[in-house]
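In this document, chain identifiers A, B, C and D correspond to the written order of the chains, with residue numbering beginning at 1 in each.
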Amino acid sequence: MNIIRSAFRNPPFLTFLLVALVWIIASFTLRGFGAYGHLRYLLELAAVIGIVAAGQTLVILMGGIDLSVGAVITVTAILLPLISPAWDPTGLAGIAAALAIATGIGLMNGAGATYLRVPPIIMTLAMATFLQGLLVIVAGGSAVTVSNPAVILLGQARPLGIPSGIILWLAVAVVVLLLVHRMPIGARFLALGANPLAARLSGVSVTRNTLIAHTLSGLFAGLAGILVLGMNRQGYVGIGDPYLLTSIAAVVLGGTSILGGRGTYAGTIPGAILLVTATALITVVNASPGWRSIMFGTLILALLLVSGREARR
Amino acid sequence: MNTNSSSRLYPSIQMRRNRGLSGLYLVVAAFLILYAMLFPGILSIGGFSKFTQNWFPLALVTMAQALLMLNGGITLAIGPLVSLGAVIAATTMEGALGVSGGILAVAAAGLAVGAATGAIVTYLRLPAIIVTLAGSFIISGVALILLPRPGGIVPDWLSTVLAGHTPVAFLMLLAILALWKLFLATPLGLGIYAAGDNPVGAFRSGVPVERVKVTAFALSGLLAALTGLFVAAQTGSGDPVIGTPFTLNSIAAAVLGGVGFLGGKGTMRGAICGSLLLSVMINVMFFLGFPPVAQYVAQGLIIVGAVAVPELLCAWRARR
Amino acid sequence: AANCIKGDRKAPFTIGWANIYSVPTWMKQTEGTITAEVEELKKAGLVKDLMITDAQGNAQTQIQHIQSMIDANVDAIVVIAGSSTALDRVISDACDKGIAVVNFDSLVNTDKVTAKINTDSNEWGATAAKWMVSQLGGKGKIIVMNGPAGISVSDDRRKGAQPVLDANPGIQVITETNTEYNVAPAQEAMTSLLFANPEIDGVLSLGGALSAGSVLAFERQGRDQVPTTGENARQFLELWKEKGLKGWATMQPNWLGALSVYTAVQALQGKDVPAFVKVPLPVIDDSSIGGYLARADKFPADGYIYSDYDKALFDKLLTK
Amino acid sequence: MTEENPLLEARQVFKGFFGNPVLKGVDIALLPGRVHALLGENGAGKSTLINLLSGALQPDGGSILVDGKPVGRFSPAEARKAGIAVVQQELSLTASLSIAENIGLGAFPRRFGLIDYRALHRRVQEVCGMVGLTEPLDMPVADLALGRRQMVEIAKALFRKPRVLILDEPTSSLSAHEAGVLARLIEALRGRGMALLYISHRLNEVQALCSHVTVLKDGGVTADQSLSGIDGEGLVRLMVGRETGDLFPSRGATTPGVIRISVEGFSAGTVRDIAFSARAGEIVGIGGLVGQGQEDLLLGFYGAIPSSAVRAEVSGKSGLPADVGEANAAGIVYVPADRKHEGLVLSHSIASNLILPSLGRLAAKGLRDRRAETGLVAKLAHRLTIKGDTARPVQALSGGNQQKVALAKWLPLDPSVLLLNDPTRGVDIETKREIYLMLRAFAAEGRLVILASSDTPELVHLCDRVVVLREGRVAAVLSQDDISEGAIVGAAMGVSTTAQGEAA
């Protein structure tokens, strides 16, 4: 009884329940929705959001926010084909290089936030603008269709019938959940997010942890960029844009406080699935764009009413 | 024997709030001077009018955003609200409602949408960022239904009055700032700060925290919708997606102006300065002949620099 | 003489290119034709300087850029409008100041320009729809893919298709999508629709890379391809050939940019140019696709394979 | 005093949190012209009771009466209307607003709907005069030290011209001087017929100020009686329910060990160019008026604020710790005075707070060792008698118990230097005794304890040496026999001439 009650007070669990409920109802009422292939496809889409939102979760838990994730995805997706060296038949070198760039961008975000004392929101916003400039230089001139075999494998392969994107997400989820719940650094992020001053006086290094959180956010955004590239076989400017607000939305829908200090990636996971589900539901409705937009907004609000209830302050 | 008891309290409190903004003021002043050197025409009435007209909408949405951030909230629905305001203006003014009816309709829509959003956030205790994200889709949808593609019309004389070759927009900005000052001098207005900074304490002090919050959202909605009205007048018509970029820009300007995310921290004048910097930067870079790449890079550098340089100087001074 | 141009304007001219957004590949390619043309004109001693701005998708910023171009007294402004209505006033201001204004691709409503240069978006939609009707023999279920909602280009193309669809009640529109003109969102939307609709007989896709997204979605879900319309996006043309698709496409030539600069300079030199230059829409079908694909290597993989152009073509278009 | 009717009364009130009863049928009656003491150990329910009396919380049972009439749902607004004001511990201030605006908040004088700043100025000046607040009224509260904020909080309560004034540990962050001002003020207010409720863990204050006492224990009232004829011992007995020994442990023979901290020309924040050294096994007190650099001295040693020294040796290494991490690594720990903002992560659980500094040490192969953590938390909770479920958020603890958590979390680090900033603020007498014992034991184990305190008796009875700061410099160093309240206060005020000079 007590376990059940505390489960219902648990935002991640509630959000999972909500996903299940929406899926069951939609499967019974909408043709094609409940098909195995469709649900699998939804998860594949959610994987991208889920992976970006992994970094976003960490940064938000720590009391910051990362407005550069969309730009990092785009940069990774566009640069990867350009920098994949021809001598490497596996394509892993290209992936490593692209991830290094994404991670480096994250590190720079963190450095700006700590050494330059620029609030993360401003730092990452400015970074997104820089990256736009970078794209103006590199984009458009040369091929951005990907031929990197590892990337294509990531985007297309289905070992045991499971899309590799979902497998990647699972791996990311395990790592992030471990980090948040089983590693000291997770507790430090949370403490910093809830009370940076007290955390600092308790020996938690603000500099180090800010650097780590932003670097990880860059890395995960880079991973998501590679996955998106593989799924579309093509990178173009703007490919990452939709993931900025959705990554934040997934985090908050999962019950994590936007102000930091409270929450878990376990909530972000169903949060990401909820978002793609809502999009898919609205896509199949035949209505004018205006009405579709209204329905989408209302749906998000309704879902929030259920999953966000315990997220009150 | 309060040292300042001779001077008057209100102005000295206002002066105090300026502290810490001097770095930003300097940066903005430098840009304005540079701009005037590159384009002396700015010093003419016409040039000044046009420049301030282009800045005005951003200034207004920044106020709309800062108002909520000071109260510990945030909105992602600014852009769509601007679009909605523009669309309502462009579809009603030439119709039965007329200009005054149209203005009322825009104002009423802004207030109502803002208040409704505020009520949802406050009474259902949901995170503002997602409620307003959902709201942004709903509001965009309404704008698209009212006007599925750019069109509609705003009477020419209104366009000329608000956005002609006279600095009416600038005067309106001054008037709105004066109104804000006035509002801040009411218990409800100061309550925005108090409730944003320390809601529990404010509640225990007798501030009607929930009413303050809903009011903040309503006023923010009003400002955003009126921005749409101005944009419609400035452009002579309505466009259902014209406001979209304002959402992020309003946040950028407010944060650049020193308004914090957690509520209670920052000032409106700082936010306005932030918006002025973002706006004048565009013109300065044009006159310096920066190519687009440099525009992006410089924009990023200026944003970081405007925050980092005063911070670092401050830290450096403290160290010695 | 041509519209707008007044005052003492002698070669070499300064030209402002007020771009709404410089990064999508279509825009980048278009800008490429503009800079190439300017290089030619510079060699001929006709152009001194090209000032490029990038409004980052923000129509309000574009207004500010055009205002700055007026302030800098450029000789000509070439512009793709970020909103079909928002720029009306600033553009007619430019025209009043005697600046040559040439507007292409996304057009403004005002006629106070030197020239507008474009294909006919209505015709675009109508021709595509007619082809679809004939492919399906006047009977079948189709999905319509549109560009973003609230944008006139996408709205015009859709409107152009409507009379054709009305005239053929056997054609049933199951549902429509509105996405950016990009592969990924189009593919995502189409995938959801494929699950929901076991029977789809045709995809009426109205521009950009939407068709490529659709074809990929069909392929990924193992569904048989259906007749699909589209544009000269390289990816779509290649998929069409590779999958043996029943396809049809047309083209919004990127050299509209070069033509616009050419037109502005012609007008500044005192030549008469038509107020509206209607550029014919080519038809790309199984018989002509080979010609396009043969040149594919010269274009970016996510770019558009546009037809060749030269001065003779421009002169011909301008004399009509 | 004739039989008067209570202005404010609680009858048989019950209150619990999440099923844990805190108040089980409590009565209290506040009479005009009387200063009523409310005593009880940490967590006894004093703050909870005043929250009921002031409408901040609703009782689960029983009733609140104003002027003998029961009130229905009581809200802070209604309580204010009834003339009830509460002095919270800096809980209700808005950091970004000025002193004047904070004092007026919720009760602004108005003119045409606007705040009448002129009237506000006048009336705020009045109350500030009463509490001795001399700071410029336009100063943001953010710039004030804790003790000054407390004075603002008191001024704010007075601003509303209350009939009933409730003070929850008002002196815990006040200097002796400020406390004196407050004591005179309370006396004056009582004389005007106000009903006062006074909560404090400083029994000498209670004895000096109050005429009646209510004692809470185990959710009930164990005493409700006049204070006349009761001495300190008696008060303690009422609270604790048994005989107690001395508050301060005997000093015992100390044999100071190696030098742990030794600096020359040390500057940090407002501390300027001082020399200081201390050895293992010592308890060194840092005294002085509030805000003379005591905190900056500790923070400087802790690497938490930029500091410099001509020569420095800390824990056997030359140089000052560059940051908190380095200080911790060198065995230096710090317990801040403002536990709510600096000491604790209030919204997190007791357990998380307790293990925060030891996270790294407890981890094995990079992963947290849950079992070790649980064990450690249980051990610490037991050692400091922090009762109840350690999964509760720290903010649900009473103030005194919060303080124990702030101290306890450092013990696993086995620190060699403890920098303590007012560690017994708001702590009940029994806990104080425990903490004192602990500090003595620390010293006996060869640790260095540096204790900044606004509680002068604490400095007198506990410390081996007291360094008195004045305007960021050392005003006096008193050792063993020279330490007395008079000497400390004298040096702090700059009137003493004894033992001036170098800190040995």
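Heads up, the rule we're going with is that a contact is a pair of C-beta atoms (placed from the backbone, for glycine too) under 8 Å apart; a residue touches a chain by one contact, two chains touch by 3 or more.
No experiment lies behind these values; they were computed from the predicted model shown.
K.L.:
Once the contact rule is applied, which chains count as partners of both subunit C and subunit D?
P.N.:
A, B
K.L.:
Across the interfaces A-B and A-C, which one involves more C-beta pairs in contact?
P.N.:
Most contacts of the two pairs: A-B.
K.L.:
Could you grab the centroid distance between subunit A and subunit B? Build each centroid from C-alpha atoms only and quote it in angstrom.
P.N.:
Here the centre of subunit B sits 30 Å away from the centre of subunit A.
K.L.:
Take the average of all CA coordinates in subunit A, do the same for subunit C, and state the distance between these two points in whole angstrom.
P.N.:
Each chain's C-alpha centroid was found; their separation is 33 Å.
K.L.:
Hey, how far is the Cα centre of subunit B from the one of subunit C, in Å?
P.N.:
That gives a centre separation of 35 Å.
K.L.:
Using CA atom averages as chain centres, what separation in Å is found between subunit A and subunit D?
P.N.:
44
K.L.:
When you check subunit B against every other chain, which residues touch at least two of them?
P.N.:
Residues 143-144, 148, 292, 295-296.
K.L.:
Tell me, which residues of subunit D touch at least two other chains?
P.N.:
In subunit D, nothing touches at least two other chains.
K.L.:
Which subunit A residues sit where two or more other chains touch them?
P.N.:
Only 132, 136, 289-290, 292-293 qualify.
K.L.:
What are all the touching pairs of chains?
P.N.:
A-B, A-C, A-D, B-C, B-D
K.L.:
Please name which positions on subunit B make contact with subunit D in the complex.
P.N.:
1-5, 8-10, 12-13, 15-16, 182, 185-187, 190-191, 193-194, 197-198, 200-207, 264-265, 318-319
K.L.:
Within their complex, state which residues of subunit B touch subunit A.
P.N.:
Going through subunit B, the ones touching subunit A are 76, 120, 124-127, 129-131, 133-145, 148, 248, 251-252, 255-256, 260-262, 292-297, 299-301, 303-304, 307-308, 311-312, 315.
K.L.:
Using the touch definition from the top, list the residues of subunit D that touch subunit A in their complex.
P.N.:
Residue list for subunit D touching subunit A: 302, 304, 323-325, 327-328, 334, 336, 341-348, 352, 355-357, 359-360, 362-363, 366-368, 409.
K.L.:
Which of the residues in subunit C come into contact with subunit B in the complex?
P.N.:
Going by the criterion above, the answer is residues 19, 22, 51-54, 56-61, 63-65, 67-69, 71-72, 83-89, 109, 148-152, 155.
K.L.:
What residues of subunit B sit close enough to touch subunit C in their complex?
P.N.:
39, 41-42, 47, 50-51, 54, 57-58, 143-144, 148-152, 159, 163, 231, 234-242, 244-246, 249, 279, 282-283, 286-287, 289, 291-292, 295-296
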